[in-house]
Every structure is written in structure tokens, then in C-alpha cells.
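As written, the chain order gives the labels A, B, C and D, with residue 1 at the start of each chain.
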Amino acid sequence: MAIEASKEEAGGHRIRLGMVGGGQGAFIGAVHRIASRIDDQYELVAGALSSDAARAKASAKDLGIADDRAYTSFAEMAKAEAARPDGIEAVSIVTPNNTHFPAAKAFLEAGINVICDKPLTTTVAEAEELVALVKKTGKVFAVTHNYTGYPMIRQARAMVAAGELGEIRLVQAEYPQDWLTEKAEADPNNKQAGWRTDPARSGAGGCIGDIGTHAYNLACFVSGLELDQLLAQLSTFVEGRLLDDDVQILLKWKGGAKGMLWASQVAVGNENGLKLRVYGTKGGLEWTQADPNYLWFTKFGQPKQLLTRGGAGAWPEAARVTRVPSGHPEGYLEGFANIYTEAARAIRAAREGKEAGAEVIFPSVEDGLTGMKFIDAAVKSSQAGNVWTKV
Amino acid sequence: MAIEASKEEAGGHRIRLGMVGGGQGAFIGAVHRIASRIDDQYELVAGALSSDAARAKASAKDLGIADDRAYTSFAEMAKAEAARPDGIEAVSIVTPNNTHFPAAKAFLEAGINVICDKPLTTTVAEAEELVALVKKTGKVFAVTHNYTGYPMIRQARAMVAAGELGEIRLVQAEYPQDWLTEKAEADPNNKQAGWRTDPARSGAGGCIGDIGTHAYNLACFVSGLELDQLLAQLSTFVEGRLLDDDVQILLKWKGGAKGMLWASQVAVGNENGLKLRVYGTKGGLEWTQADPNYLWFTKFGQPKQLLTRGGAGAWPEAARVTRVPSGHPEGYLEGFANIYTEAARAIRAAREGKEAGAEVIFPSVEDGLTGMKFIDAAVKSSQAGNVWTKV
Amino acid sequence: MAIEASKEEAGGHRIRLGMVGGGQGAFIGAVHRIASRIDDQYELVAGALSSDAARAKASAKDLGIADDRAYTSFAEMAKAEAARPDGIEAVSIVTPNNTHFPAAKAFLEAGINVICDKPLTTTVAEAEELVALVKKTGKVFAVTHNYTGYPMIRQARAMVAAGELGEIRLVQAEYPQDWLTEKAEADPNNKQAGWRTDPARSGAGGCIGDIGTHAYNLACFVSGLELDQLLAQLSTFVEGRLLDDDVQILLKWKGGAKGMLWASQVAVGNENGLKLRVYGTKGGLEWTQADPNYLWFTKFGQPKQLLTRGGAGAWPEAARVTRVPSGHPEGYLEGFANIYTEAARAIRAAREGKEAGAEVIFPSVEDGLTGMKFIDAAVKSSQAGNVWTKV
Amino acid sequence: MAIEASKEEAGGHRIRLGMVGGGQGAFIGAVHRIASRIDDQYELVAGALSSDAARAKASAKDLGIADDRAYTSFAEMAKAEAARPDGIEAVSIVTPNNTHFPAAKAFLEAGINVICDKPLTTTVAEAEELVALVKKTGKVFAVTHNYTGYPMIRQARAMVAAGELGEIRLVQAEYPQDWLTEKAEADPNNKQAGWRTDPARSGAGGCIGDIGTHAYNLACFVSGLELDQLLAQLSTFVEGRLLDDDVQILLKWKGGAKGMLWASQVAVGNENGLKLRVYGTKGGLEWTQADPNYLWFTKFGQPKQLLTRGGAGAWPEAARVTRVPSGHPEGYLEGFANIYTEAARAIRAAREGKEAGAEVIFPSVEDGLTGMKFIDAAVKSSQAGNVWTKV
């Protein structure tokens, strides 16, 4: 029990945060709020929590947001907050995908840092515009590819970078779920199924955008590789569904490594089965999201090791995003919080006109663009008859 | 993905919280603070974070506590806060064991609700005095036997209570760790090992008080049984250690059930291996703290089922303390937060002169006393030559 | 413990068996012999165990084969045994791939039943010739795609056939190993690596023929599906290796199901990681060869079940190939033995001029041909630039 | 895949074997026969398979035993076989416990080696008599405490002996099952439940003798420790059952180590959950019978290692009883076969007037006596009110 207390609680210098989306009945908004609170890095002071005025007000009240900072549109909020001396320093955008771009644009242009849910936008063009805008404004922009916040994923990345696996040959990613096995979107009360299977709100990708892009992001993050081309087989198994619900992709990485990526929303018995395996000339790594405190590592010709968060085999890259000792499991919210806390470090550095240190890691707007290019290539490959496509 | 957002974030009506202990360099203080923030139920506004004045001030500043509410003694804090119109409504006591009693007493007498770390006190007599004081003052008193906050433990308890296992025959609890395999307390920088192996600060029990009592609490909580007698074999394997570091106990429960309890701090390879197994005439349950989102359930003569937090087999008792969907793991901090949030519900009910509903569950001062009686009986049984002892 | 003794030991009416290959220093020969003995269905009475005469004699002596039935060529053995009144009734062919065809042909033509290792031959044409020859001679011909012998695989197949999973949508197979991570064939003492990476002895496929075909066979066996087309990415990661050591394939099954198949000999940390997952409209199944006594089954919307060999959820199709009670693990050799015992049932039925009942299942010469077509299509797809190819 | 073929098949010099018990409808007889065949060390040529004459004949015929060697009593068989020039060299005794002693005595006195099921006898006195008789006759005597045959158990023992764990502090053994949760012996067709719960056939111990003694044997075998005293709590949970069905024991080993042993036949959800954990000053080991190819090993302060049968971390002591490569699971029958093959080595050595080498390991008649003393002490401790009892 090498006890590691939380490295940093920032009660003394919290960042003023606003939120777009996440009102009553939403799912991911609450996740973002918990993530923002775990290390006490933020205080939520403003919100455009719903486009419905009454719900926006009520939701704000629940959350302790003052009445005059409960907005009904992100545009109004960006403008008003930018004008206040105590205005928000950062905004969380937690709406369906189609609102990410206009909202992010509005806040960047108002000089406000952005934490945006994934996928970044609904088109590559929008994503490129955001990249340019971030460059122009110099604001901090984090995309919540939250799985990169898990300590053992940080460690996996560090081990690959340090050459522990040798030259990478294979990167195998999978992300099976089963919650869309039946036509859940036919139930009007199932808001999650509704917008996630609706091209108007999700963009051109269903499963590929919702979870395939997470798996791809994680594969890139850990392996450090860039994709050259892919061949995708997108399927829609549920009759009448408007977007893909299963995704099977062959990958050719630059430099010669190969890989496969499978994401599914119809694989019965899988709750949230994100899994990453990376193999090189000298070693191999395996990690499973549902059991995130463990990282399997094998050096070729030696016994398998079970590395644990906080344990004897933990690297500094994992330890710095760890709050409780080994054997005391951390989970999804703690990993998500790590993205928020890393972003907070960057925002505070920016307050002082500095850049955050190289150890501060969170998915950037460029990573968001990389994800959009992946979705775009996969959709195109599939529509062209499952052919090889450059990203 | 039956998405279940956090049932309640209380930003609009937070409870004003103080903390005793938990200054810079402490471990469990940060855990309590994170737990208090996850559902936004509390705001930390005062602290006697250290008996060292400079450290107390610095720690308070880190945490955003105003200078005039950074105290250097709990007694001063109890008095001053009770006198303020905006004084704290609850206090977290997160010091070594020997301070639990005087601090808890001071705050109860000042009319302030208490959340106290375990074990409740260092003697049964102190514990009994606190029970009486709680009865007299009517204040809310929670003991952080935090493992009762795990959703699948709530479900296990509910399943036993509903008769899913039939009549209980066996309750097997174990809690192996390995962090005291060598004489860690010889290192003056190892503050955790220092006080936890020191009778002056820990009381008469080492391993039995630190983790044995957790295992016992969990066994009682889930099984609903009361202990009749025990026979304990307490060992000190590390030379020169002042308290037990391994505990082996046979249990006779009232009503005829049997059980074994093993806790160890010298079992190499075990990080935090709390495990509970309960068997009845009709079914059996198994749960492991390191993988807390899973609960194994078998009806006699049927295949084993893997029940998951948030999943298809989750009961309402688990769902109401669940924040994220199945497959998105929750961990130690979320379980701990459930104790804080349940206590908050009781405190808010008390604000309004009501009692919390029966569904609101947290370890009480009586549970703390039960734990103290268990420690006391185990120490006495062992000292008398490992003989049967009534609790 | 629904104790199930071995259904049948055949000491009273053993089948006289010969073996081609499998002399001193070989690997798979001993596996076949153990498999043949477990249920006492065969007695080994003749062998062409090595092409080296001295080794053939010595190996025969070790195994209790009489001197005059220790042959140095399969041709000689086929002829001599066919002429004896007590000649062998069946032969096991356990040589490198390139000998399968001529040996199998010789024994079939001599009227002797054949149990042949996989892959069936080195070309599709040879495989087709064997299929025709089996039809003509009416002899029993089993191919040791031994993984179909595992009880829980039998159960998986039965569950799919019975509609427990609904309509099949996805069949995901993988078979990672790591034993060829480095250039093991450079060591002249490594006979296994030597012939398995040598096109002259293995045929056109390396990893695809050695293990990819096992994974494919299992996918077909359990799902009951037939493949329509595939797209393969075969790689050779180890410099100078003559055959593929990693295989990634997309699958389009007839009827609309999709799938992926990955086989690798360079995935560090994987010993023999054959795994099959099948998902349908109503349920899902997962099975892992290294832990073969377990079968995970989920009905959509219900908790996951862990079905165990011999346990409460075992089906008759599993029970009839089970020897010991649940919790007493069976393994690779028992699964292999099931193929031998099933073949013995067919051979004994044929002795009496009957057909074996429908419950008697073993991989046939047609299954062997199906495997050869799969290898052929995968090699062609890959050589043509990873393009879709009909099988 | 360090491929390790079976080290030895003995077709050329099999041992002539007889069997007492194990006729049609029996369970463990078939297990013994398979175990005897796996390495081709024995040929079964005689049997007193049942005390029912017709069943004895029919069972013999099934197994290929000649009519004139199908006996109806062990006494007759011992006499007749001893008189034949081709008489049996060894006998397997696979009856209920109460026949072990008279049968073993008869064969020893007839100069025939004995392989006897466990527990050795029904009383300590009988066991002592057998020990004396073995000493006097010089015959090989193996007791099938078969779990000592598992390769990773051999490795565990070797690692402890080599000091990899340092000085042993804790030995924790458990063996839960659930097959007697209800009153199975009330069903006259359940022969297993019938005799195993019948004091007349089982002796004074139920669960303690049937499986508790296995767990104890394994604990001694791996740890190399001798027991000083125990305190047992034997329970009978099922009403009307004549013997114990749950066993909870505290252990004091000579030299200061401690331990707990739990065995149960009423722990719902446990099929055959034998598990052993050993902890020392430097390291810890964990092994589970249901997954026997794995051995967890932790050096204090280092990551956990998963050692696998046949894998990179396998020791020679495991490799010499291993037949197939890592990742190809071996199971219960292979472990059982290792006892038979080791005994065969001793018997063949004795044929030549030699002793088997020190590497040849199987449970001896002395181990059988140790088991009987354990059962005896546990029963006495429990009957005396769960008090400390010397063994």
C-alpha cells in the first residue's frame, strides 16, 4: 500500500466553469460535472443546460447555479459570460454531436477555454475550422476522449514510448456493447438511443462515431502510431436503423504495423467492452476498460505480469493520475476526472501566460480532428464497398 | 446501457462541512473530501486539519478554506463554528483512532452532525459513551465503514433480506493485504505504518482494528446476522511489531450459522483483498472489493450468474447508489461517496425535522460500537489462548 | 456434483490402430496416442513412426509395437497391414502437412479408416481428391480439428442450432500465440518451428494453415454458417520467414452475418489464445480455449451466465462427451480424445454395416476441404492486395 | 510454445494392474482407469469390480478383462493373482472407505503393490497397521491424493522448498463444494451421496474425510510444514444427515506458521473449489484447482506473476509431469495420471530391485496416515466443543 494521496486539490484556486447541455434527464452532463469536482478544480457557475427555458432554469437551480447565469442558448451565454468580470474561464460542451461545432466556435471566439465531448464535430470540415480557431485564439481545448485518462493507459503509453515492447507490430482494439441489440430508438423515452442513431444529430457515423472513435483514439494514444489506411465494413443489423451499429475495420499503420478494430452495439453480453492489445518485437500489453486498474504485460520469454494501478509495477506516468492505493479500485469517473484536471492545469498555466508541462496530457482539438478523419474514412470505405481508404 | 444518471447533485443546497485531520501528507482525508464532493452534497468551509499550526493554515489554504476558519484544534473549531450563524452543519473526523472519541464528543455536544472514520474509538467504553451521546443529542452520526457503500454490496444485502439465499448457513469474510510484510513502521517517513502499528494511537488492535473490523462490518451488513461468539488467533509475524498483523477467527452467529474471518497485513501478493461469501439453503453470493462492480449469485441447481452494477440483474437498492451505466466501472471513491451522500440525506431530513427514509443507509454509531465489541472480544479471545468468547 | 462417469470404455472391443509419424522427438504424435487411449477405444499395434529406420524401430519398441509391425514407410505399412487378418482398422496420420495427402490416399485405397491431422492437405486439389476417395471407399475419415471436441463447444453449437441466440449476426474468432515472435526456425533443433514455417512441408499458408484454419473451423462448427467471402491481410513480421506469421481477416457469411478472424504467432503474451464469440438477435456466447470448461452465455436483457462443463447448465450434447464432474477440469487431451472416441463409434458402426447416429460428431474430410478452401482464399486475397475473395 | 511431449509412454513395458471396486455405475473407478492409461503405464487385466457377481462379470467384460480374472471378492483375487505367473503387479482400490483397509492388507500380504483411494482407512489404527505392513513387505503403496499430481502444485512445492517465499507464515486452504446442499442421500439412486454420508462406509468424518483431507494433504505437500495442533468446528447443516457437511479449522503449524482450512459441501455456487494460498516473508503463492494450469506468484514489492504450466516461468518439477504445451490446458485426469505414472516408476524400479529417484513423487502410506490423524483430531476437537487438539 504505497499510499498516494490525490496530488492536487484546487479548492483554493478553482476555475469558473460553464456547461452547455446536461440538463435534467441528460446522461453525460452529470459525468462531466462529477469529473470536474473530483479534484476540486472547477466550480460550476453558469449553464445553458437545456434549450427548453423552464428546464434550463430548473436544472440550474438543482446545481446551485445562480438564476441570472442560467441561459437558454449557448450563444447568449458566451456573450454574457465574456462580458462579466467574474465570467466563466472554461465551458463544457455536453450536447449531442451536432451542437459541438457551433458552441465550441462561439466560446472560442468569446475567448473562453473549451472542454468538448467527442466526436469533435459532425464533419471533417468543421473539425478543421475548430483546429484553426484554436490556433488563432490560443485557448485551451480538450476533447473528452476520456479513456486516455485511465492511469494504466497512461502507463501503457509510457511503456510503449520507452521501448518496453520493442517495435510495434500489432494494435488490436475492440469496443463491443449490446445496448442497441433491439430497436431502442423506437422508444421515444430513450433519448440516448434517439439521438445516437439519428444522422441529423450524430453525423454520418453511428457506432463508428459513438464508440469506434474512442477505440481508435485509444489505439493511437497508446501505440503512438499514425494510421495510413483502413478498410471498413460498417453494418446496420437492426432493421430500420439509420446508422451503423457494428463496425469491423482492418488497419495499416504507418511504418508497417497492422491492426483490427471492432466496435459493436449489438454484441449481446457486452456492456462496455473496450479492450486494447498492443504487441511488439519484445513485449505485449493488454488492457480492458471494465477492469481498468490492471495492465497485463509480458516480456517475450518471461512470465506474464499483472501490473496494477498504485502497485509495485506502476510507473510515474500512472502514479501522477492516481488517487487511492492499489487494490482500492478507481473507475470511469476518476479517469474522466483526470482529463478535467489535466485541462485545469493547462488553463491555470495559461492564466499565468505559461504552457503546461509536457507531463500534462489531454486529448486536443487535433486529436478530435484525427477522430473525425477516421470516421470519415471508415464511412467512405464502407460505402465504396469495403475498400482500402487513406485517412 | 440502461443509463442511470446520478440521482442527485445537491449544488443548490450543499451542507457546510468541516474536517478534523486530513492535512498535508495525510491519506484518508483526501478520500473523504473527494467522497464529499462527488455528488456535490457538501462544501468544505472549515478545518482543524493538523495540530501543527503552520501545516493547518497551509492545508486550509490549499483547500480553499478561509483563513479564519482554519483551526488548530478540534475543540476550538467545535466552539467557534457552533457560534457562527453560517457554522458547519457536519464534521468529518479523519484522524488516527485515538482522536475519534474526543473529537466526536466535542462536535456532538456542540450540536454538529458527525462523520467519523473507523474504528469508532479505541475502547468499548468510549464507543458506548458516543452511542449515548448520539441518542441524547439526536444528531446524525455516520461511521465510514465505506465498503457498505458499494452498490453490489447493497444488492447483496437486499437479496439476503429478500430470502434469495434461503436461510443463511455460512458467512466467510477475508481481507488480506501485504503492505506490512516487512517492518514498514521502522521508516519514520511512513506515517501510515507508524500510527497503525502504534497501540497509543490505534488502540488494542492492529490488523483486527484496521481491516478486520471492516470485514466484520461487511459480513454483518450483508448477512443481517448478529454474532454470538468468536475464537480468535491474532498473530504478530514481524518481529518487534507492537500490534497484531494477522487475524484468524472462527465465528458462531446467532441462529446457527457459522463463519470464518481472516484479515492479514502480511499476505504477500494481496493489495486490498476484501472478499465476502455468503451461503444459504437456497443460494450463494460472492463479492470481491477489488472488482466491486460484479456480484456472483448462484441459485442452487442453476448456472452461476454474474450480476453487474447497472446491469440487467441490478436491484433498485443498487441502482439508487449508481452513477454510471454498467460496464463503466465505479470504484472505491464512489462507494465512499455513497456513505457521504446517504449521510447528507439524513442531515437534510433532520434540517427539516424529519427522519430519512428507510432506504437511506449508512453505518451508524451503533455499528461503530458493534465493531468495537468485535475488536475487544477478538483481542481478549486471543490473549486468553484462543478461546471461545462472547461478543 | 452430478457425477458423470465416462460413458464408454471400450476395453472389450478396441480398434486396432496404426500411426504414421509421431516417432521419438515429435510432438503431436504423443497427443494422438493419449487421445486414443483415454477412453480405451484403440490399441496401437503398428506404426511407420519415422522415415528413419532406426528411429522407427526404437520408437515402436518404446510404444509396445511388435517389431514386425514397425514400418519405415506408410506405403509399406498400408500394404502389409491390409494383408493381415489382424491388420489395423484405422490409421492416425500425424506427420507434417505435405505427407497427409499421399498417406491418407494409400490407406483409404487399402481399405483402412483414417484419422488425419489438420490441415487436411497442402492444396485444395489434393483435398478434393480425398473427398472423392472417401466417397468411393466409404471409409471413415476424421480430421483432428480437435477443438470441436471440447464439451462446451459442443454445447455452444447445440445452443446456436436450437435458436438460443436467435439469428446470428456476428462471429468473431481469434487465435493469438507468441511462439514465433523471434526467428525460432533458425534453430535447427526446433523441429516444430522448422517445418511449420517451411512452404515445402506446410503448404502455402503458415499461421493461416497452422492455427487460422482451426479458428475458422471452430467458427463454422459452432455458428453453423457458411462463408461467402473474405478479405485477408496476411503478414510476415519476422524478417526472412518464408510464410505468414499473422493473419487478419474480414468475413462475410452467407445470410448476412459478419465476422473477423485474427490469428497470430507473434502476439507476445498469448500462449494459445483461441477464442470464439458468437452474437445473435437474442443472445451471445463466448468461449476461450485456455479455460475450456466455461461457456459464457447471455440472453439479451438478462444477467450473464457462466455455464460449466458438467454443471447445472450443461446440455446433453456436452454431457455425452464429459468424463468427470463439474469443477474437475478437463482439458486439451480430453477434447482431443473426444474426436478419437467419436471416430471409434463411427468405425464400430461401420464394422457392423451401420452408420453412426447423428449425435456422433467429428470433423470430416469435407470439413478438411472447407479448411483448405479457406486457406487458399486467404492466401489469394492477401496476394492480390487484400481484396474480397469468394471461398 | 516450448513444446514438451509426454516424457514417457510405457507401451513396451506396461504394469499388469487389477482393480477392486469401480464396476458399472461407480464414479472414481473410471477416473483411476483413465489415469492409468494416459501414459500407457498399465494394462488392466484383472478385477473384483463389484461384490455383485453378475455386475462384476459384466463390468469386466466391458473393460476387456478376461472372464477368468473377473473376481467377486478382493480376497479371492489377491490369492488367485498372486498364484499366477502373469499375475497382477499392482492393484487399484477404488471402493468406499471401509473396504480400503482389508483390501490393501490382503494385497500387501499377497506381495502386490497397492494404489489406494483416499482417505486411507476409516481409523487411525488401521492406517498405522498399513504403514507397518508396507514397511514389512517393502511394496510400493500410493494413496491417490491426486491433487499433488498437478504440475503447478509440484512447482509450488519446489518454489517453497527453494526458499522463494522465505520463511512460511501462513497456509490457507479451502475446498468448498455445493453438491450436498440438499439431502441428496435421501435419493436411493444417488450412490455417491449415499456412502459418503454414511458413517458405516465413510468412517467418522463426512466432509472432513471426503475433501477436508485433500485440502490438508495439499497444504502439507506444498508448504512442507507439519501440523502441531488444530481447532475444528464441524457442522451438519442438512437435517438428518449423519456426518458433517461443513468444516472450519484453525491451524497451528510447527515452527510458528498459522493457517485456516475450510471445506464445505453446502456452499452454493462452488463446484469443486479447492484453493491453496501460501505466504512467507518474501513471497506468496496462490493456486486454484478449477484453473490448475495457473500459479500466481508474487515476490514482495514486485508485480504479480502468472506462472503457467508449460510456460516461461515453469520449473523442471512442473515440466516433468507436463504433456502438452502452455496454453493447451491439462486437467484433473492428467493430474491424476501423474500419480499413476509416478507410482509406475517406483514399481518398475522395484522390479529391478532399485528405489525410484527422489524426483519421483506420490502420496505414500505415511501421507495416508497423516490424513487419518488429521481427520481424527478434527472430529475429536469438534466433539469436545471446538477445542485445541494436538494431531
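FYI, a contact is a pair of C-beta atoms (placed from the backbone, for glycine too) under 8 Å apart; a residue touches a chain by one contact, two chains touch by 3 or more.
Everything numeric here is computed off the predicted structure, so don't read it as measured data.
A.B. asks: By mean C-alpha position, what chain is farthest away from chain C?
C.D. replies: It is B whose centre lies farthest from that of chain C.
A.B. asks: When the contacting C-beta pairs are counted for C-D and for A-D, which pair yields the higher total?
C.D. replies: Result of the comparison of C-D and A-D: C-D.
A.B. asks: State, to the nearest whole Å, the distance from the C-alpha centre of chain C to the C-alpha centre of chain D.
C.D. replies: 33
A.B. asks: In angstrom, rounded to a whole number, how far apart do the mean CA points of chain A and chain C lie?
C.D. replies: 43
A.B. asks: Return the distance between the CA-based centres of chain A and chain D, expressed in whole Å.
C.D. replies: So the centroids are 55 Å from each other.
A.B. asks: What residues in chain D touch two or more of the other chains?
C.D. replies: 270, 297, 304, 308, 311
A.B. asks: Could you pull out which chain C residues touch chain B in their complex?
C.D. replies: 297, 301-308, 311-313
A.B. asks: Considering the complex alone, what residue numbers of chain D touch chain C?
C.D. replies: Result: residues 1-3, 5-6, 9-14, 25-27, 29-31, 33-34, 37-40, 44, 61-65, 177, 179, 192, 270-273, 289-293, 308, 310-311, 323-334 of chain D touch chain C.
A.B. asks: Which chain D residues qualify as touching chain B in the complex?
C.D. replies: Where chain D meets chain B, its residues are 165, 169-170, 172, 178, 181-182, 231, 233, 235, 237, 246, 248, 250, 252, 258-260, 262, 264, 266-270, 277, 279-286, 296-300, 304, 386, 388.
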